[in-house]
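One structure is given below, represented as structure tokens, and several questions about it will come after.
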Amino acid sequence: MRRQLPILVVFISGIFMAIQYFVPSEPAEFVQEYAMDWVIVIGVFAMGLGLWSLTKVNWIKVQRQTPGWGYNLVTILGMVFMLVVGLIWDPGLGFFPGEKSQVSGTWFMNFFWYIYLPIQTVMFSLLAFYIASAAYRAFRARTILASILLVTAIVIMLRLIPLGAVSGINQWLANWILIVPNMAAKRAIWMGVGLGMVAMALKIVLGIERSYMGRD
Amino acid sequence: MGFYEKLMSLDRRWVYLCVAIAVVLPFLLEEFGVPIFIPPYITPEVKSVYNFVEKLREDDVLFLAIDYDPMAKAELHPVARAVLKQCFKKNVKVIISALSQNGPGMAEQLISQTAKEYNKVDGVDYVYLGYKPFPALVIMGMSQNFKLFFPKDYYGTPLDSLPMMAKVRNIKDTKGVIDVAAGSVADMWINEGAGRYNYPLALAVTGVMAADYYPFLNSGQLFGLVSGMKGAAEYEYLMEKGGYMKKEEFDASRGMPIQMFAHIVVILFIIIGNVGYFMSRRKKS
Amino acid sequence: MSLVDFMWMSIGALLTLFTFSYLYKDNPFYKFAEHLVVGVSAGYFAVLLYYSSFMPKVIDTVFRPIEWKYFILAFKQIKPEYLLAALKGSQWWYLVPGILGVMMWTRFSRKLSWISRFSLAFYMGIGIGASIPLTLQNYVLKHLTSTIQPVNFTSLTGIWRLLIVILVFCTLVYFFFSREHKGAFGASAKVGIWVLMIAFGAGFGLTVMGRVALLAERVIFLRDYWVELKYFLYMLFKYGMLL
């Protein structure tokens, strides 16, 4: 029953949502609206799992004083500080600031803009360096296929470089590459992805795929 | 070790240094009085987004979905800002949501700054709904009834009390959706949004994602596609031509000289890498 | 720019440089920034979720409308009519998904993790069920119909449409591994892989632009900070000289 009942729940809810698309009646829409709303409430509680997990993992390392535990303490302090200024006390707004803590200029949002945003954007911008390094070390025209890839990449990259008289031809060619061969390949990929997603979804709804339930 | 072997085993930090110099070069040139402006080649897919907003009339309602994290700010913020400016200048009303988990604060700052520029009032000229988890369900919900998932706006004001929301019940009551997205939320707008409820949809996505959405443009599921920083620069250029922006206000276009030099460096390194590879192979054989 | 804003901007610039230092090699400054961002983003998301979902969906719908004096009386005097009066304005049925959500937390316990399957089942069923017809329509059928378009040789568009049909077919053939890629089938698969290489090349070119854009934004921020810093130092020097 510990496995059969959840499979029955998936089946009933999945089939209802699939059929509701074809039968847009008011009662069905009413149930659908509540179902979606309930999923969001479940999800809100579920996301607490992630926070708990993060705190637990870092706190254990701090308690045991494993090498680098200071950094784990920084993680916990960062999280606690955000929770405090967002929910409990903002130096500018006082205690329990409510939704006002999310407006520009508060400590909560300043932490977001001047601590979270710079670090996160720089971490992603490092990829620009890595891509140049990877292009230098690994991008070799060893085979015809690799050469096709290389030439296409260079044509697309040349779009951003003014080349005088050749610019117009290059822009046209780059645009043609995007709207004809690239579009054709991506379309085939999307169709394959779509069929795969539908197959997987049907397997889950029909109870054939049960890996999401974990082990007993 | 021969010259080509040395070339092939170059420390990656020299490559990083060259990229760093390429990125800083436009600013140095500007300091020395040589500013670089690259007029963009306007693509039809960007022009169709601009024309769509251009055709909207006063008091029409547009839905702008700001679905990107701060990581994609460089590429997508300029587009979101440009669309907002165009709407506010034309007195088109805008409903905005931010379904990316780290984006609501960034979206709020953009909206409040742009609204201040044009003296637009929250609740009358625009409504910022904010964030809710599970974008797929939220998109379906908003397409049926905004109040289902957003009984209040981002600032805690009940939607019922906002004058603008009196005539707008769901997304189908708006003229269309422009989704500025950096992740799978774009797919959800195509699938659960416009795909199910048949309203006009355009996407502004990052360069990495852009190539994937041309099939949707071709099939008519999207009426426009703005790709990355280049697309944003094209939109800004069209905004300047339309009298909505001045060159000094350009955001994405400021980044295009950096793009140009960085691309030159990457192309040069690819060529050098290949030359080194073939020459060292020839030497061995 | 005010002094307070300049201080915040300085913190942002410092953390930017800490993170860029990773390009040279891993170091304590980078590690500090990396761990700080994890904590701050978790805290940010928790607060966002609280105000955007927990408060409106649980507190405002269930608990805030409860008339607590009647609620307490209902338990003191054991009168159901007081309970009904207390819950009159409350959408108490939202406690059901709340309980389902709390059931999710049992996932951490080896003995009780089976309880979380019910919430997960409901959650998955609703999400996946809705996507079945939509995915088929939007990712498969609409693409099929838009591929099979009228072809003519009088215009470039007509010729490209024929090319698109051929290229989509060849790419789909490439992904069909149940049959050996030989003869005409193999030739189509070969055309398919060439088309895929063109698509990946285009993707790489656009990816470079995307990555450089991220770098460009940070460089512009540092440049703007440099301008503010020069002004700040100039003002400091000016007032220092005056003193």
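First chain written, first letter: the chains are A, B and C, and each begins at residue 1.
Following the convention adopted for this analysis, contacts are C-beta pairs under 8 Å (C-beta built on N, C-alpha and C of every residue); 3 or more make two chains touch, one makes a residue touch a chain.
Note that this is a predicted model, so its numbers are computed, not measured.
*Asks:* Looking only at C-beta pair counts, which chain-chain interface has the most contacts?
*Replies:* A-C
*Asks:* Measuring between mean CA coordinates, which chain is farthest from chain C?
*Replies:* Chain B.
*Asks:* Just curious, how far off is chain B from chain A if you go by their C-alpha centres, in Å?
*Replies:* 17
*Asks:* Let me have the rounded angstrom distance from the C-alpha centre of chain A over to the C-alpha centre of chain C, please.
*Replies:* Distance between chain centres: 4 Å.
*Asks:* Counting only residues that touch at least 2 other chains, which ones in chain C make the list?
*Replies:* Expected reply: 23, 41, 44-45, 48-49, 53, 126-127, 130-131, 134-135, 138-139, 143, 164, 199, 202-203, 206-209, 211-212, 214-215, 217-218.
*Asks:* At least two partner chains per residue is the criterion; list those residues in chain A.
*Replies:* As it turns out, chain A has residues touching two or more other chains at 21, 36-37, 39-40, 43-44, 47, 98-99, 102, 112-113, 116-117, 120-121, 124, 128-129, 131, 135, 150, 153-154, 157, 159-160, 178-179, 182-183, 186-187, 190.
*Asks:* At least two other chains touched by the same residue of chain B: list those residues.
*Replies:* Counting only residues that touch two or more other chains, chain B contributes 16, 19, 71, 73-74, 102, 104-105, 132-134, 137, 140, 196, 211-212, 215, 218, 230, 259, 262-263, 266.
*Asks:* For a test of understanding, state which residues of chain A touch chain B in their complex under the given definition.
*Replies:* The contact residues of chain A facing chain B are 21, 29, 33, 36-37, 39-40, 43-44, 47, 98-100, 102-104, 109, 112-113, 116-117, 120-121, 124, 128-129, 131-133, 135-137, 139-141, 150, 153-154, 157-162, 167, 171, 175, 178-179, 182-183, 186-187, 190.
*Asks:* If we count contacts the way the header does, which residues on chain A are in touch with chain C in the complex?
*Replies:* For this pair, the touching residues of chain A are 2-3, 5-7, 9-18, 20-22, 35-54, 58, 68, 71-72, 74-83, 86-87, 98-99, 101-102, 108, 110-129, 131, 135, 145-146, 148-157, 159-160, 177-195, 197-198, 201-202, 204-205, 212-214, 216.
*Asks:* Inside the complex, what are the residues of chain B that reach chain C?
*Replies:* 13, 16, 19, 23-24, 27, 71-75, 101-102, 104-105, 130-134, 136-137, 140, 151-152, 190-192, 195-196, 206-208, 210-212, 215, 218-221, 227-230, 254-255, 258-259, 262-263, 266
*Asks:* Enumerate the contact residues on chain C facing chain A in the complex.
*Replies:* Residues 8-9, 11-13, 15-16, 18-20, 22-23, 31-51, 53-54, 57-58, 94, 96-98, 100-102, 104-105, 107-108, 113-114, 117-136, 138-140, 143-144, 147, 160, 163-164, 167-168, 171-172, 175, 192-209, 211-212, 214-215, 217-218, 221 of chain C touch chain A in their complex.
*Asks:* Would you mind writing out the residues of chain B in touch with chain A in their complex?
*Replies:* So the residues of chain B in touch with chain A come to 10, 12, 15-16, 18-20, 38, 41, 43, 69-71, 73-74, 102, 104-106, 108-109, 112, 132-134, 137-138, 140-141, 144-145, 148-149, 154-156, 196, 211-212, 214-215, 217-218, 230, 256, 259-260, 262-267, 269-270, 272-274, 277.
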